Amino acid sequence: MTDIEQLKEKVYQANMDLYESNLVIGTFGNASGRDEKSGLVAIKPSGVVYRELKAVDIVVLDLKGSIVEGDLNPSSDTKTHLELYKAFPDIGGIVHTHSTYATAWAQAKRPVPCLGTTHADYFYGEVPVTGVISDSAIKKDYELETGSLIIDTFRSIDYRHMKAVLVACHGPFTWGVDAAEAVSLSVTLEEISRTGFFSVTLNPSFENIKKSLLDKHYLRKHGPGAYYGQDVNKSTFKDE
Amino acid sequence: MTDIEQLKEKVYQANMDLYESNLVIGTFGNASGRDEKSGLVAIKPSGVVYRELKAVDIVVLDLKGSIVEGDLNPSSDTKTHLELYKAFPDIGGIVHTHSTYATAWAQAKRPVPCLGTTHADYFYGEVPVTGVISDSAIKKDYELETGSLIIDTFRSIDYRHMKAVLVACHGPFTWGVDAAEAVSLSVTLEEISRTGFFSVTLNPSFENIKKSLLDKHYLRKHGPGAYYGQDVNKSTFKDE
Amino acid sequence: MTDIEQLKEKVYQANMDLYESNLVIGTFGNASGRDEKSGLVAIKPSGVVYRELKAVDIVVLDLKGSIVEGDLNPSSDTKTHLELYKAFPDIGGIVHTHSTYATAWAQAKRPVPCLGTTHADYFYGEVPVTGVISDSAIKKDYELETGSLIIDTFRSIDYRHMKAVLVACHGPFTWGVDAAEAVSLSVTLEEISRTGFFSVTLNPSFENIKKSLLDKHYLRKHGPGAYYGQDVNKSTFKDE
Amino acid sequence: MTDIEQLKEKVYQANMDLYESNLVIGTFGNASGRDEKSGLVAIKPSGVVYRELKAVDIVVLDLKGSIVEGDLNPSSDTKTHLELYKAFPDIGGIVHTHSTYATAWAQAKRPVPCLGTTHADYFYGEVPVTGVISDSAIKKDYELETGSLIIDTFRSIDYRHMKAVLVACHGPFTWGVDAAEAVSLSVTLEEISRTGFFSVTLNPSFENIKKSLLDKHYLRKHGPGAYYGQDVNKSTFKDE
């Protein structure tokens, strides 16, 4: 298999894992991946039913959006993915879903607070929510501008330690070293969004957990001092 | 297969899809379809357990309610379906369920607000709720009057762009070009009713999304400017 | 098969249906049935894991609580069942569960309001909740007194049209012509308790549906004017 | 099989039961067991995916934390388990999960109130929540100090009758005579946390059930006067 064939296979698999994780209904949701060498991006085709999806249907594009391989239209969210790949050089995979609880926070225009160690194990603080997209951005190039909106939100946030965002009135995006990590983080984001919903209902005067506890949990899994798991020196990003 | 046999088969399949989507419990819920040429309507028989339903059990009626084919009593909601077919000439399928979250909004006598793009992709604005049916309507011809109540609610709403309604104190109805689309919209309605429930709990001072965002999402999937999916010029209704 | 063997088989099947309906966890929950001729009652043994239950394990007792057949201890709730069989002569089956939403209402010491037609199709009004059992009743004969508490609650309610109750701080009981109907009503009670929970959260100033709508739905399924289903003259109780 | 092989097999099975009970996602959660004779503890390895776990992967340690058997790193929560085994001499199994509803209460820093008999059948009163771990404890030896925090919380609570705790901003721990009982109690704790959530939402001015009802239910299953189940004289702890 060539690198591109491998990428298509991995992106196909990530999309199917996404489907089986019950985070998508109908044709909602998409996963993409980037080939490190060539910089090409593979993404789910638009509006194709998951159970009929095949690896050969995966569309390959360059970062400018020109189709390199594939007979189908790419996901309507393709430009959002491409913007993120351009702005976040270390990432190799992106996932977008409309999963119930993460979407509920996005529709409520609220960040998911960091209320416990499950959250802190994966996301370094509260998961941010963008502002509502402007009328001019909607008119200009909606999907590209959705990418810009996310990038603006991360001006003062390190995308390598906060690998998720909620787009207001829309839903979540997650990313990682590859499409598989992005899928896995979408699953975790949905779970902490769900637990967070019940937590804030039980305690409306909640606060984010303190910095010392956040650091303890996030850093025991990430970075040079990590000691969780079997390969304690692994790090998700090379320059981390 | 004759046109009517095909219709019965499709309506049977729609009812089974409805059952497998977990939107119905017991014998609640029903799907019907209309044959375009003859104008005849096929519907689930009343009170039959889904797992024992067969295509041959599907009842065929004309718009006046006279049974053309079938040995069983048609669904007790048949007159509601017939009223809608008469008032909404473009529709070819109707589904009624008591699905949990859509019914919760109907029982709360509240429309489902349009809080995000998942909703806007399928329903052009908030999903309306009827008033409570009057005592005289209950006494006169309850199921027919339930149809009239829906039709009244749509006096200033285009049924071709809002293919769902909540009947107050009762539950949801959806419709579309055929029974399959109506089933699919029942699934989507339940999901947006569910996400909407969590959203308004997290943000009680919510507002519907702005018109520009609603238009962007609804119109990228529907009508002449659509660009979502693989067949970008498709339109669900012929005259759309 | 003798009448008693048939009863044991039916009660065994009802308990397994209860288990498969996900209304019980662990060994919680039990179904019983009464043989019309002999008046004997068959019930699940105490503390037996459902997946290991066999028809031969079902315990048969007379109304005084003497064991007629069976080597195992009967359910610890047996006396509650027997009190109900004595007080409610028309019933042939009883089910007790700790199903989540019905139990939540019972623990909140609130009746399940009748907010819609799904509820009205099966239960003729709000599902009542008992008072909290008295200290003296707890000390005297707890399970028997739980039965008395239910019977007291039904002094002004017809048990033939309200086949369910919530025992405060405990959970639901349902009954019917046989154990199978009682199981079916436990499933429906859980569903309306669930939908009711979301409804009152969305509309805290809710009211029960009006009498005309309640009558229309309940009576189109029950009693001499029923027209729902295929056997419109059926009635669940003989003297109804 | 030696005693240690048997322990590893039982701890492996407990971890798989935990996984199949849907209380864990990803690699969250762990079960351990103690061999009565040798006092050795067997625990899940750190960060291993459940579906790839094998009995041979289970790590065996002494109470000081020295590895006796196993090639993998033990769970990162091992020191918490060991502290509890040292402080609670009668227990033979411990389980830690991040199950949704129990974690929601832990993140809300609230005990799970005892609102009904389902709760009272298993837990003798409200399930306590610890204080938030101090900064100095986080810096010193985080996982060991989490154990100390639990032990502090139980100064005036009998761990033999309250076999569960919520660690604030973290999640639940349960224990019992062996790993299997601890798993079973984690399942029950999640269920009462869930039912409790809906109960307090329906009745925000709730109170714990009265002492007489708590005693009646807890003591009919535990201790010398127990009469629930088939072996009425059993008691979970030998000196109970």
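A, B, C and D label the chains in the order they appear, each numbered from 1.
Simple rule for what comes next: a residue touches a chain if its C-beta (ideal position, glycine included) is under 8 Å from a C-beta of that chain, and two chains touch if they have at least 3 such contacts.
For clarity, every value in this text was computed on a predicted model and none was experimentally measured.
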Steps needed, at fewest, to go from chain B to chain C via touching chains: 1
Where chain A and chain C are represented by their mean Cα positions, the distance between them in whole Å: 47
For chain C paired with chain D, centre-to-centre distance based on mean C-alpha positions, whole Å: 34
In chain A, residues with contacts to at least two other chains: 200-201
Pairs of chains in contact (touch as defined earlier), listed by label: A-B, A-D, B-C, C-D
Residues on chain A engaged by chain B in the complex (per definition of touch): 25-28, 45-48, 72-73, 76, 98, 100-101, 103-110, 132-133, 135, 138-139, 142, 169-171, 197, 200-201
Residues on chain C engaged by chain B in the complex (per definition of touch): 115-118, 121, 184, 187-188, 191, 194-196, 198-203, 206, 209-210, 212-213, 216, 220, 227-230, 232
